[in-house]
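Each of the next two complexes has subunit A plus one other chain: subunit B in the first, subunit C in the second.
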Partner chain A sequence: MNFLYDISAVEIGQHFYWSLGGFQMHGQVLINSWIVLGLIIAFAVTTTRDLKPVPEGGQNLAEFVVEYIRDIAKTQVGHDYLEWTPFIGTLFLFIFVSNWSGALIPWKLIELPHGELGAPTNDINTTVALALLTSLTYFYAGLKKKGLEYFGKYVQPTPILLPINVLEDFTKPLSLSFRLFGNILADELVVAVLVSLVPLVIPIPLIFLGLFTSGIQALIFATLAGAYIGEALEGH
Partner chain B sequence: MVSLAEGFGFNTNILETNVLNLAVVLPIVFTLGRDTLTSMLDTRREKILGSLRSADDRFKQAQLELDTAKAELATANDKVKDIKSEGRKTLEALTAEQSSRMAEVATRFAGLKDETIRLEEEKAIAQFRKQLVNVAFEKAIVGIQSQMNASLHRKYIDAKISLMTSRL
Partner chain C sequence: MFTVVARAHIAPVTKASAKHTKAHAKAAAKPAIAKAFDRVKLPALTLAMQAASMVPAAHAEAGKLFDFDLTLPIIATEFLLLMTILDKTVFGPVGKALDDRDELIRSQLAAVGDNSTEVDNLIAQKEQIIADARSEVAAEIAAMKKKMDADVAAAADKAKAEVDQQIATAMASLEEARKSSQSQVDAQATAIADQIIQKVVSV
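And now, the complex of A and B:
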């Protein structure tokens, strides 16, 4: 019995804690975030070092990615989309690379004293940070464009809806963070559980499913962030 | 077996680390991703090349048009010069003609003037003559009337008659 328990044991809620100024931090998440950032920065630097009028190879890929992100921003934000493209693009790239790195890189080869490496987005702290940044950004966008008149949207179309409108500002980051966190953690858990039960072949389709949902989640997060910004910007 | 390791290290358990599954997944993802990506990037590159080429073509065409326009401008300039010189020529011809006509008119006027003066002179002379004759006649008549008497009258008539007969 103990043997079966050991086979099916999956680590969850174990963290590699770092403490800094009285705060406990999840070290494995930070390490993975840095790795993801390094990957993205390395990609950006290597592909744009030698720019040509007719894009070749890496430059072509980088331009394709930028165009894709710009299209997302354009369709969601609308008129002044260029100002918000970097933010949305950062969200998309960070989440996408995080999710895929979690699914594709065999992190379990490396052992930590506690916890295990994985996608940075499988930690609620990361997703909440991203969602709160989105909230800040759309508030900033609205206030910058309309000043204090921005708060007039809370009594639109009728003051009766004021509580719901206020509530929306809380539900937006909540849903953003929990959706991403839940999806990624679930993906990784499903794969991890299956690997511990049936180590070969069976997890493969689920890894592909995980890749698919990971990409979708990145797209959804970026799209929703753009939509919120666009909503804050749209005038009455 | 799963163990909560105390410290950094490498997990060498192949089954536990999911390496074999990933060894299957990664090549598939890479090949699929590379194929779709390369085709997408190639079409994108072709599109960019095409637009660059068409822009180049348009530039060349525009240059050609510019050249023809420049040539047209040059011919137009030549034409303008021609027209200017022609106009100057005609102006000169016209002024020459004008001056010659003026001279002609002047001479004609001068002739007319001389004629008129001559005519007036003649008229004046004729009138003067007539007046002179009239005055002579009047004086003769007065003289005749004052000196005429019967014997003289008869003499005169006789002389006239004899003149008439001699003439016949």
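And now, the complex of A and C:
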């Protein structure tokens, strides 16, 4: 029986633990998130240092990114999209850069005592943090716009739907976080397993597939966050 | 990316004994697998020990997938921080640049639209000028024609008057001539009559 427990135990999620005041943290996730933050902030600062009416160099990229994100926000949130663009945009950029960093940066070169560096989004803590922030944001958006009337949407269109409407507030962050976490972790695991079997060439198509799904996941997360905010804002 | 298979079993080393006995039990049950474990275990163990001695704060545990801890609030804080920074550096300024450009292009387009009405005005003005010139020329032509008609009429009148005059003088001279010739004829007739009377009388 012990043997069965042993082989069925999920042991892939090894963590490099740090302690702070009796609490534990996943060091590898934090290190990677700092790197991702550094990359994004470096991009933000270098491309927007000198904004011109006619864009040059990096400003083109920054404008493309902003327009792309505004477009997502506009289609999902609707009328007041500008207020929510920073949130949706930061979600998209953070998840996108995180996902791609997991596949593109050769983390193997940095040895940790335990666990491994990878995309910060392959840790449930990160995805749940982002999903909870999304929940808070759409609650905030709804309450800010409609006040306590916002809770009236729970009995719309009929009070019979109250349990389902309440349940929705739990399923939203749950599905958001697990979708992202599962996709990225699975992607990295598949690549890792394939690399351990055939170290060269064969995993490359899978890595490309991983890059593709990573981008899609970032887009999905941002789009859904926008849709939830838009849903909270729209009048009934 | 992940410590797959082999290294996953290194993890419990620092937690030591409990897991060790488990591994031994396994060794009895499955000799082949155990041999493989043993092969990996020694280098792995030393490696783990070294790592543990290097980073005393860190300690290893068996891998957990759903392991919520302080990472969550820290990531949330980092995210909010990133959002503030991006709002200040990218979404605010670049968005403003985009809006400003939009505004500029719109205003320029509107200016071009105004231009078109200006062009319309100019075209109308041109039409007006051409129409004016046309009517002026037409008036001039009409005046000229009138004048010419008048001239022609005057000349014709003059010529007619002259001819009438000439005819009148000619008639007068004719009358004169007729009168003088009649008086001559009368005189001759009287003379002839006298002669005839004398002849008759003499006879």
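Here, the second predicted complex is superposed on the first by the 225 of 236 C-alpha atoms of A that agree within 3 Å, B and C clash if a C-alpha of one lies under 4 Å from a C-alpha of the other, contacts with A are read in each partner's own complex, and residues count from 1 in each chain.
Operating definition for what follows: a residue touches a chain if its C-beta (ideal position, glycine included) is under 8 Å from a C-beta of that chain, and two chains touch if they have at least 3 such contacts.
Just so you know, these numbers come straight off a predicted model, no measurement behind them.
Once the two complexes are laid over each other on the shared chain, residue contacts for A:143 go to neither subunit B nor subunit C.
When both complexes are overlaid on chain A, the residue A:191 reaches subunit B and subunit C alike. Once the two complexes are laid over each other on the shared chain, residue contacts for A:90 go to subunit C alone; subunit B is not touched. Once chain A of one complex is fitted onto chain A of the other, the partner contacts of A:200 are limited to subunit B, with no touch recorded for subunit C. Within the superposed three-chain model, A:104 lies in touch with subunit B and out of touch with subunit C [touch as defined at top]. In the superposition on chain A, A:18 makes contact with subunit C only, while subunit B stays out of contact range.
Judged by the touch definition given at the top, the superposed model places A:35 against neither subunit B nor subunit C. In the overlay built on the shared chain, the residue A:211 is in contact with subunit B alone; subunit C does not reach it. By the touch criterion stated above, A:125 is placed in contact with subunit C alone, subunit B being left untouched. Taking subunit B and subunit C in turn and counting the residues of subunit A each one touches, the greater count comes from C.
For the contact definition in use here, the residues of subunit A common to its subunit B contact set and its subunit C contact set are 6, 9, 11, 14, 53, 55, 63, 108, 113-114, 191, 195-196. Residues 2-3, 6, 9-20, 23-27, 29-30, 33-34, 37, 40-41, 44-45, 47-48, 51, 53, 55, 59, 62-63, 65-67, 69-70, 82, 85-87, 89-90, 93-94, 102, 107-108, 113-116, 118, 120, 123-126, 128-130, 132-133, 185, 188-189, 191-193, 195-196 of subunit A are the ones that touch subunit C when the two sit in their complex. Partner subunit A is touched in their complex by these residues of subunit B: 1-2, 4-11, 15-22, 24-26, 28-29, 37, 40-41, 44-45, 48-49, 52.
Those residues of subunit A that touch subunit B in the shared complex are 6-7, 9, 11, 14, 53-56, 60-61, 63-64, 104, 106, 108-114, 191, 195-196, 199-201, 203-204, 207-208, 211.
Taken in their complex, subunit C has these residues touching subunit A: 1-5, 7-9, 11, 22, 25-26, 29-30, 48, 51-52, 54-55, 57-76, 78-83, 85-87, 89-95, 97-98, 100-101, 104.
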